[in-house]
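In the two complexes below, subunit A is the common chain; its partner is subunit B in one and subunit C in the other.
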Partner chain A sequence: MEPREAITILIECMLDADRDRASRLLGELLESGTPAQELLRQVLDPALNEVGRLWENRELSMAQAYVGARIAEDFLMRCLPSEAEGAVRPPKGVVVIGNIEDDFHALGRRMVGSFLRASGWEVVDLGNDVTAEVFVEEALARGAHIVGASAMMHDAAMNIRKLRELIDRRGLAGRLKLAVGGAVFNWRPALVEEVGGDGTAANATQVDALCDRLLSEVRTEVGP
Partner chain B sequence: MNSLQRVMGVVTGQPVDRPPVFAVLGAYAARSSGVPMRTLYEDAATHVRGQLALRAEFGFDLVIAPFDFPAIGEAFGGQTAWFDHQAPNLRRPAVDSAAGAQELKWPSPEAEVGRLQVCPRAAEALTVACGSETPVFGILPGPGGFPALIMGMEAWINTLLFDPGCARELLARSVEWLAGWAYRLVTAGVTALILPEAAACSDVLPRALFLDMIEAPLLSLLPRLGAPVVVHHAGGQITHLLDRMATWPILGVAVGSRDDLAGARGLLGPGKLLVGNLDNLAFPGWSPEQVAVEAHDRLEQAFGAGPFILSNSGADLPLGTSPETLHALVAACKGFGHPS
Partner chain C sequence: MKEPREPLPFWIACGVLRPELEALAAAGRLTGVRIYLDSMLHMSPPALEVQLGRVLQDHALPKDLATQILVYGDCCPGMQGLLEGHGARRVDAPNCAQMLLGRARFRELMRERAFLMLPEWTLRWETVFREELALGPENARLCMQGLITGLVYLDTGVMPVPHEELEACGRFLGLPYRVETVGLEELERALAAALAPEAGS
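After this line comes the complex of A and B, so read on.
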């Protein structure tokens, strides 16, 4: 099967919420001898890019994107080599994510985690209602250069300012970038600047590109 | 003409003195009165005093019983998160799986558990206090989003997508529970019910999945609610289902700020009430002059094309909204059609 055909089928699976068909597709591709790592690059990545485009154009619902995230996780589980097998691809970097203090809307954050892992990042998920102090301490402990703070509602989003202030007060602005996201930022993009975010993404599939950019900025500012 | 006459006039196609206007001001009472947020949502009398004070201060045409779905989640065993400057939220649902929701003993809608009865008690007191002059609206969740209050959104979406049989069982139980809950509100005297249906947002579920899984349970619930119903966008866009809603036995639809009012009217037909659609999140940044411009724009689009109530689109209005902006919103309606 040509990659283009596989991509088309995989996107159909995501849109139709057909996880079983996606699993069968992956089995066929692996049996045909396509290297697992190549499947991630040639099939999963382009499919996720298309899903992201549809989501950004509001042609995709959260439920369909959720299916996309589950299918991406299935692909990863079967395609990434285990540590025991060796040849584990080093992560692109470490990203610490969580819902900011007073926010309890976990679904979007969990989807971000899935898509980031699918894109090769090591993800530390701190869960809901995370204070600025915990974000920063975990980021430093894990060697992360990116923290991702999520909020669904406006008032909770304003708590991200505490995280911005803490990063600045501790002199970490150059080496620890603040990604912000959640429904409220899509509705009101000016909020990104109001809370001091270094960047945002319209949806979970675009967070990989955002993290690429932020990590690049860190390397420019403080070196690799 | 009082608010009840104005709203009834609009929905029945009779002449009114001005367009009716409404804003979701539940938590806002904490800002106006200085009452702690928790007291406002735990004590029916405090909520009623807050609504009456807001009505007296601003003159909006509707008052609401508590918009407090976390109280329902809490009654099932969940945990509520409290804040100083926003309405409560559900910190943790009672269970984290569909199996857990099925095994859970669901409380009766009449049960004295947690804050569950605050809402009908407040509705009854509001009806007594002002129901003869101002419509009192009760708010209850739609069945498509209701299981998320018990098991969380992720588990519910997962069930809808990958275990439709189980999802249908939970939807059927949800319909029964909500019919009982609506009975509590209707017997308390509410004029109408607002039904936020998260599953009806195009941002949440695709149309096909809504039609396959949600529409039938919702349609089975509507005739059992015992009061006129306004289906609410629940924070997203709802245009993709308006052609279906045109055939539902409902009073009308509250559309989101990204839904187009003229397009919505075209899909909904001329008879049903349309409510909306000022951007909730924009309110704190709007000056009185800006809100007047926005209000005028919506009224130009929608008032006169069919039954219409100007409103914010969203849940509770952010507390950062200034009283001057709210006064300007009401003034815009009072001045609409009357050149200054």
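After this line comes the complex of A and C, so read on.
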């Protein structure tokens, strides 16, 4: 099967939530002898990019894009070598994510987690309604240099200021970067600065690039 | 000389709470003018913001005659700006479910990962999932998997529990449902607090 045809089928699977068909497709591709790592580059990446494009153009709802990301994550997990195979790529870094205190809108955060994992990051997902203290403690315990705090609406987003204050008060600003995200930041970009975010991404497909940038800032400021 | 009159409450509310607000008014537990916007506007917060701005503008009255109060949660990005711009107030709750449940119970249910269903919304569940979110049952189930453990219908007592719709929605999402009796007391308390002079704008 040509990569172009495989991409088209995978996109259909992502839009139809057809996990079985996606699994069969992957099985066929692997049986044909294409190395799993090659499939990530030739098939998964372009399919994910297309779903991201459709979402950005508002041709998909967020819920549809989330379903697509779940299918992509299935595909990715089967393509990655297991530890037993001894060829595991080290993660790009550790990112701790969660919905800030008083926010219970998990969909966007889950999607960010899927995209980050698919891009090679180790993700620690703390869930909903996470306090500033828990974010910082977990980040330190897991050796993370990036925390990602999500909020859908304004009032909850203002709780991210507590996280900013805690990071600064503990003298961690150089080695622990604060990524913020959620619908309200897209509607009101000035809010990123207001809550003290070090950066944001308009959607989950752009979070990998954001984390690359934030990690490189940490390396510039405190060394590798 | 005439006594100065209290400003008339002018409630601008999400249609999702229309049955409850009308029940309170019918029972003499809520006074003032009431205007409702379509609850489906919740699916597009920027569009809701535009509509709310129009309604606040169209129904602006001198402050000694009327107090505009939004019966909305933190439902659109510029909510605070709207309130400040029009000298209006808002019920102190982040969303309509918390208005009915109170903060403590709302948080408990969220921690259980419950999907809360209000009466008016329950009757429109299929439009929301199929048309607004463009999800079929397979996509919807995959979407809910790991996020939600079950549906909880908030029975405010203003209409018969729509078991048929709840069962259909549960089948569609592959989730069980249960009914929680909530009554109107928490909502009434939230409205009264918004009306109190110290609530300000």
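The rule is short, and it goes like this: the second predicted complex is superposed on the first by the 224 of 224 C-alpha atoms of A that agree within 3 Å, B and C clash if a C-alpha of one lies under 4 Å from a C-alpha of the other, contacts with A are read in each partner's own complex, and residues count from 1 in each chain.
Please note the rule applied: a contact is a pair of C-beta atoms (placed from the backbone, for glycine too) under 8 Å apart; a residue touches a chain by one contact, two chains touch by 3 or more.
Just so it is clear, the model here is predicted, and its values are computed rather than measured.
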Query = Clash or fit: how do subunit B and subunit C relate after the overlay on subunit A?
reply = clash
Query = For A:Ser61, is the partner it touches subunit B (first), subunit C (second), both, or none of the two (neither)?
reply = both
Inquiry  = Is A:Asp102 touching anything from subunit B or subunit C once the two structures are fitted on A? First, second, both or neither.
reply    = both
Message = So in the superposed three-chain picture, is A:Asp129 touching just subunit B, just subunit C, both, or none of them (first/second/both/neither)?
response = both
Inquiry  = Give me the intersection of subunit A's contacts with subunit B and its contacts with subunit C, in residue numbers.
reply    = 17, 19, 60-61, 63-64, 66-67, 102, 104, 106-107, 110, 128-129, 153-156, 183-184, 187-188
Remark   = Interface with subunit A, subunit C side, in the complex: residues 45-46, 73-75, 77-80, 94, 107, 110-111, 132-136, 138-143, 145-147
Key: Residues of subunit A defined as touching subunit C within the complex   = 16-19, 60-61, 63-64, 66-67, 70-71, 102, 104, 106-107, 110, 128-129, 153-156, 183-184, 187-188
Inquiry  = Considering only the defined contacts, which subunit A positions touch subunit B in the complex?
reply    = 15, 17, 19, 58, 60-64, 66-67, 102, 104-107, 110, 128-129, 153-156, 183-184, 187-188
Residues on subunit B engaged by subunit A in the complex (per definition of touch) = 81, 83, 85-86, 89-92, 152-154, 157-158, 160-162, 201-206, 209, 235, 237, 257, 279, 281-282, 284, 318-319
